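Sharing a structure below in structure tokens format, with a few things to ask.
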Amino acid sequence: MAGSSFGRLLTLSTFGESHGPAVGGVLDGVPPGIPLVEVDIQRELDRRRPGQSSVTTERAEPDTVEILSGVFEGRTMGTPVAFLIRNSSARSSDYESIKDVFRPGHADWTYFAKYGVRDWRGGGRSSGRETAARVAAGAVAKAILSRRGIAVLGYTVEIAGVRARAFDPAEIERNPVRSPDAGKAAVMIQKIEEAKKAGDSVGGVAEVRVSGCPAGLGEPVFDKLEALLAHAIMSIGAARSVEVGAGIEAARMRGSQFNDELAMDSGRVTTRTNNAGGIAGGISTGSDIIVRAAFRPPASISLPQASVNVRGDPVTVEVMGRHDPCIVPRAVPVMEAMTALVIADCLLMQDARGGTGGHGGTPDPRGR
Amino acid sequence: MAGSSFGRLLTLSTFGESHGPAVGGVLDGVPPGIPLVEVDIQRELDRRRPGQSSVTTERAEPDTVEILSGVFEGRTMGTPVAFLIRNSSARSSDYESIKDVFRPGHADWTYFAKYGVRDWRGGGRSSGRETAARVAAGAVAKAILSRRGIAVLGYTVEIAGVRARAFDPAEIERNPVRSPDAGKAAVMIQKIEEAKKAGDSVGGVAEVRVSGCPAGLGEPVFDKLEALLAHAIMSIGAARSVEVGAGIEAARMRGSQFNDELAMDSGRVTTRTNNAGGIAGGISTGSDIIVRAAFRPPASISLPQASVNVRGDPVTVEVMGRHDPCIVPRAVPVMEAMTALVIADCLLMQDARGGTGGHGGTPDPRGR
Amino acid sequence: MAGSSFGRLLTLSTFGESHGPAVGGVLDGVPPGIPLVEVDIQRELDRRRPGQSSVTTERAEPDTVEILSGVFEGRTMGTPVAFLIRNSSARSSDYESIKDVFRPGHADWTYFAKYGVRDWRGGGRSSGRETAARVAAGAVAKAILSRRGIAVLGYTVEIAGVRARAFDPAEIERNPVRSPDAGKAAVMIQKIEEAKKAGDSVGGVAEVRVSGCPAGLGEPVFDKLEALLAHAIMSIGAARSVEVGAGIEAARMRGSQFNDELAMDSGRVTTRTNNAGGIAGGISTGSDIIVRAAFRPPASISLPQASVNVRGDPVTVEVMGRHDPCIVPRAVPVMEAMTALVIADCLLMQDARGGTGGHGGTPDPRGR
Amino acid sequence: MAGSSFGRLLTLSTFGESHGPAVGGVLDGVPPGIPLVEVDIQRELDRRRPGQSSVTTERAEPDTVEILSGVFEGRTMGTPVAFLIRNSSARSSDYESIKDVFRPGHADWTYFAKYGVRDWRGGGRSSGRETAARVAAGAVAKAILSRRGIAVLGYTVEIAGVRARAFDPAEIERNPVRSPDAGKAAVMIQKIEEAKKAGDSVGGVAEVRVSGCPAGLGEPVFDKLEALLAHAIMSIGAARSVEVGAGIEAARMRGSQFNDELAMDSGRVTTRTNNAGGIAGGISTGSDIIVRAAFRPPASISLPQASVNVRGDPVTVEVMGRHDPCIVPRAVPVMEAMTALVIADCLLMQDARGGTGGHGGTPDPRGR
């Protein structure tokens, strides 16, 4: 309730400040019998890890995960899966010089306004470091989905105004920006390095595609599938917009263009186009779910900016230290994780209703 | 939990199908002592009501609200405020001809996939009619906010590709499209009427601005203010994107452009620009909160579309009956209502933490 | 969150004050396809209705229910089932004389302390009248359970110190105190009438038995089945204790007496005794679930009592009007309703985990 | 939602199996600025720790706590407080011989029925060991309450049929059974040792008293204060009954005896008696809150018992190893912890409503 928990039947509670002893989480509601070992989680954490390439922060955190509960003899038990990631590269001294300063674009001022206390050690709870716990939990969610034939794939579609045009899934993890377009990846990298050299940062857009998802997931009214996804993804610090399917372009389409016509394909209902992004009336259609988010340029830049300190005096801030010049490549696994958590939760919710077995892909001549 | 409830301390539970006896809701957590009479709710319902102008559906529902509980002698009591809106213009016969058909762009197929039952009476629970209950609850939320000096204002920024350029708040409720730009309003209306004549529909973009909101609202991590707003607004049936502040444009900005510099103004911390849309690190800054959503063109069009029926046979559908050629003008009060519910809920959450009185606008020379 | 909702996957939200326009509720999460008509609910309401016999209040409320949503063509649709019960016998004038007085044993003072407002019309939200909404929702829960072969049976085991000894289920609804022991029923009735004549009231104990419940319901740790039942039943206004199985007597037993030995019966694991009341480690065993509650004597008595008024002056109160001299007979259907809501909710929770089909009654030679 | 979380504004999520790497928890919603150091938690854990006296299990766990987050410079920050307790004395080998056996009175069978998997290492998640996390969280809740002048005191009132008669608070922590009656403590100890020698176990009753609690805590209807307490306390593994105030005795009283008359005391409303246990209509009265629970004799006894194994074969079980002959003395700090969590949560809920400042103890001549 105080903001560190997410999900209904599959509930993640996270903890940890960027410069405290550790970050971690508890994932409750994991079904029993799912194969799970630490390396499944570690692999995802390594995709989010700082210091993985020239376009991410140089800070090197090993981000080694330890599973504390919920797994026995290589399988989940149905009890909460807790995991711990120790903070090892927490140089609080980097922040001594800006101890009293509210950094522009950061949560320094708003956290102070909210709590009346000041954790000056580099973001504290508001740091992107908390997303490590999301990625760990997302790895467990992916294991749940994998058993049901559902896959979650994220990639970068735009950085610094450069858009990917080609879509080669095999390319995504081969370049440091996670672009499905190898050619554009090179241009994106160049743009990031230019900004970095200038002491500045750049933004971009990432997309996640869920394939193999049955029709029937999501709830009417407030917990529409797109609403849960929007909540999940907009809760990633740097996200500034969320779209599903045609997204903002839908505003410029006519109904006759936007509506996805229905057809039969191998005995299953399917849509001829997918402007809806795999969701109609808040419920999955069985087509790929497509969600997209814009990420702002990181707030930490070394150019001088005007601000105030905790006493209300005007100051000039230059944020030194090791920072990401562009967050999009590292946001991709986080966005995948949040999407996987939502889809797995919706799957369990629908199971509680008898599942989609009977009706989840075939029309029923008798109705019920 | 099954999707018909929203909010944490201020919780709305709604019910009702478009062609059943009634729609309505229960709003729990309303603080005691708030002045409230039925006309406060009726006024907002009248803004959402069908049949209010030439650019909305011709279906005429009086949408008369009855307060069933929670109010005594003109004030709230702290107990749940329940309200009821009878359905009076429910011509199920309009739907007889498409009883077995899944309409493209509607939730007919996905609801069938989810529940295995078919409510063929015009959308049932998935109908936009359920938003009447949201608007009624939003009126109560506005009454809560009003006592704290917080105002919520919605308007149309784009329809059928026509963007408002001027911003005159007084203009908004004077034209049927709720545009703050009177000149562009005329063009928008023309575009809607053209589409209507062609048996088609158009989309658009609406925006909500919250003024007077103290710094400190919203929770870290999963319940960031923008995440709650995204959830709330993306749960409105036709919404396809949600943005805060600079939104998707943030993806194309550099950090030095995007970051809002901080300054003092009359003893309070303020931002010089508002690219963040009044939210930093998930917590309100004290500047205006700005949220924007794209709405797709309505699914009900009278042009022929390919689809399938419940037996899986291919069919051609032409949706007759009385429908909105553009939903944006009527979505504005719904978007306001959802925003008001989120802000009021966050306000109560922050009150539970001692409120923003001590720190909600002034730096504190002593820290704590 | 503000106390008027209950349940996780099957969520009841209620509303209404005793002397407002109506009481009612919204039950979300009802599975689709359950046969349900108004008379199923009305039958249960009639069991709770005031004025049904000489041992209940003489106030006559018809308590006619109207289903507002969630049901179409005689079956549930998976959408919220809302129901409304108009208040018809609300004589506020009965309360004019005690408008400013805090009645001993009632919530007058505590509601005033909590909300700072005074609904002097006979209890308002704290009135037992709100339990009508629980009974209505419980009828829907019973319909869900009935399809799975689960039955919920309540009865009175003690009134005014007189304990039932015999147990004849057929007898329960034949006598006005709902005692399974016809002989003791007569004595109980006599004790109630004596107290009533003296302007006083008496307490008692009721029990509910759930049969046909599969093993595996309930969650570990905080949502143990007995914890959910205790929450549900202790939330009935007059309940002062809750026990499961041997209950308080367990405190005086040795482990060798209390432990229920396990045995096989027709291929299913069963317990030879049932001191645990059908629950071990918070999870149902497959044996009958047995829960018991003590109800205090009703607070409204016509004997003079010392109290204070809203100004803090000492006063003497004699509560006139039509009141129950003993609440136990009418509490039985309420206790059944709350139990049915908990069991149905746990059943859906377990369905979300794959159900109890594979393991819910037979040991598995292979483990998994 | 899957049972490992508790609380609304102050939410505890726990994890850990008895023989896994660790147990621990995350407490979200802790207000900022509360003084907190590890020793505050360690002190409470030491009261629950096994091996503390001759009447508890001989198993010696140091139960050393580590705070992982939420505290900086000796004060809470408003972010989640996470804590970790490593399992050190986990001799799984003790359980090898009963690996395939369902122990009577334990959750072995029901967990198998629920999850279809078998954690044979001494109870796993169903072990009383998980209560260490509750006690740690309870220590934080006590720190919150302490700042508001609220104290939570637990003690043993009965063991093996021997009831405490005297009440000397100073005596409680001086004897190993936590009895406020030194004389009866000696008899209780003797009874426990007799049972232990016989390879058997005994039950008892514990009580918790909350003093300094303002009027106005608790919510109407489903989240009545006594309902939340019943939920909290009945979720402790061995609890079989929960009572408030006069409890089960209320069933045998008349209204004129049970009702607590109101009076003024130093300008505050107070009750002359406290049969209601400090709660009327689900809301605290301002008098001491009194809650009591019966605990069954521990299930692990070394006497032979009939049971079945995972293959459904009849077996005889004798549970060897180190076990508690009576759980009541160690249940006292757990019951205190659960009570403190409920009261602190209700306090925050009421703060969200403006607090009890204006009306929480004094009648108001003007109403509002």
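Residue numbering begins at 1 within each chain, and the chains themselves are lettered A, B, C and D in the order written.
As a convention for this text, contacts are C-beta pairs under 8 Å (C-beta built on N, C-alpha and C of every residue); 3 or more make two chains touch, one makes a residue touch a chain.
Quick caveat: nothing in here was measured; it's all calculated off a predicted structure.
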item: Number of hops, chain B to chain C, where each hop joins two touching chains; value: 1
item: Pair of chains joined by more contacts [C-beta pairs], A-D or A-B; value: A-B
item: Inter-chain centre distance, chain A versus chain C - centres from mean C-alpha coordinates, in Å; value: 44
item: For chain A paired with chain B, centre-to-centre distance based on mean C-alpha positions, whole Å; value: 25
item: Centre-of-Cα separation between chain D and chain A, whole angstrom; value: 38
item: Contacts with 2+ other chains: residues of chain A; value: 1-5, 8-9, 14, 32-33, 78-79, 114-117, 125, 220, 349, 353-354, 368
item: Interfacial residue positions of chain A with respect to chain C in the complex; value: 1, 9, 31-33, 78-79, 220, 348-349, 351-354, 368
item: List of chain D residues in touch with chain A within their complex; value: 1-5, 7-11, 13-17, 20-26, 28-29, 32-33, 66-70, 72, 75, 77-82, 84, 114-117, 119, 121, 124-125
item: Of chain A, residues touching chain B in the complex; value: 1-6, 8, 12, 14, 102, 104-107, 109-118, 125-126, 130, 158, 160-161, 195, 200-205, 214-224, 226-235, 237, 239-264, 267, 269, 272, 276, 279-286, 294-301, 303, 305-312, 314, 349-350, 353-354, 356, 358-365, 367-368
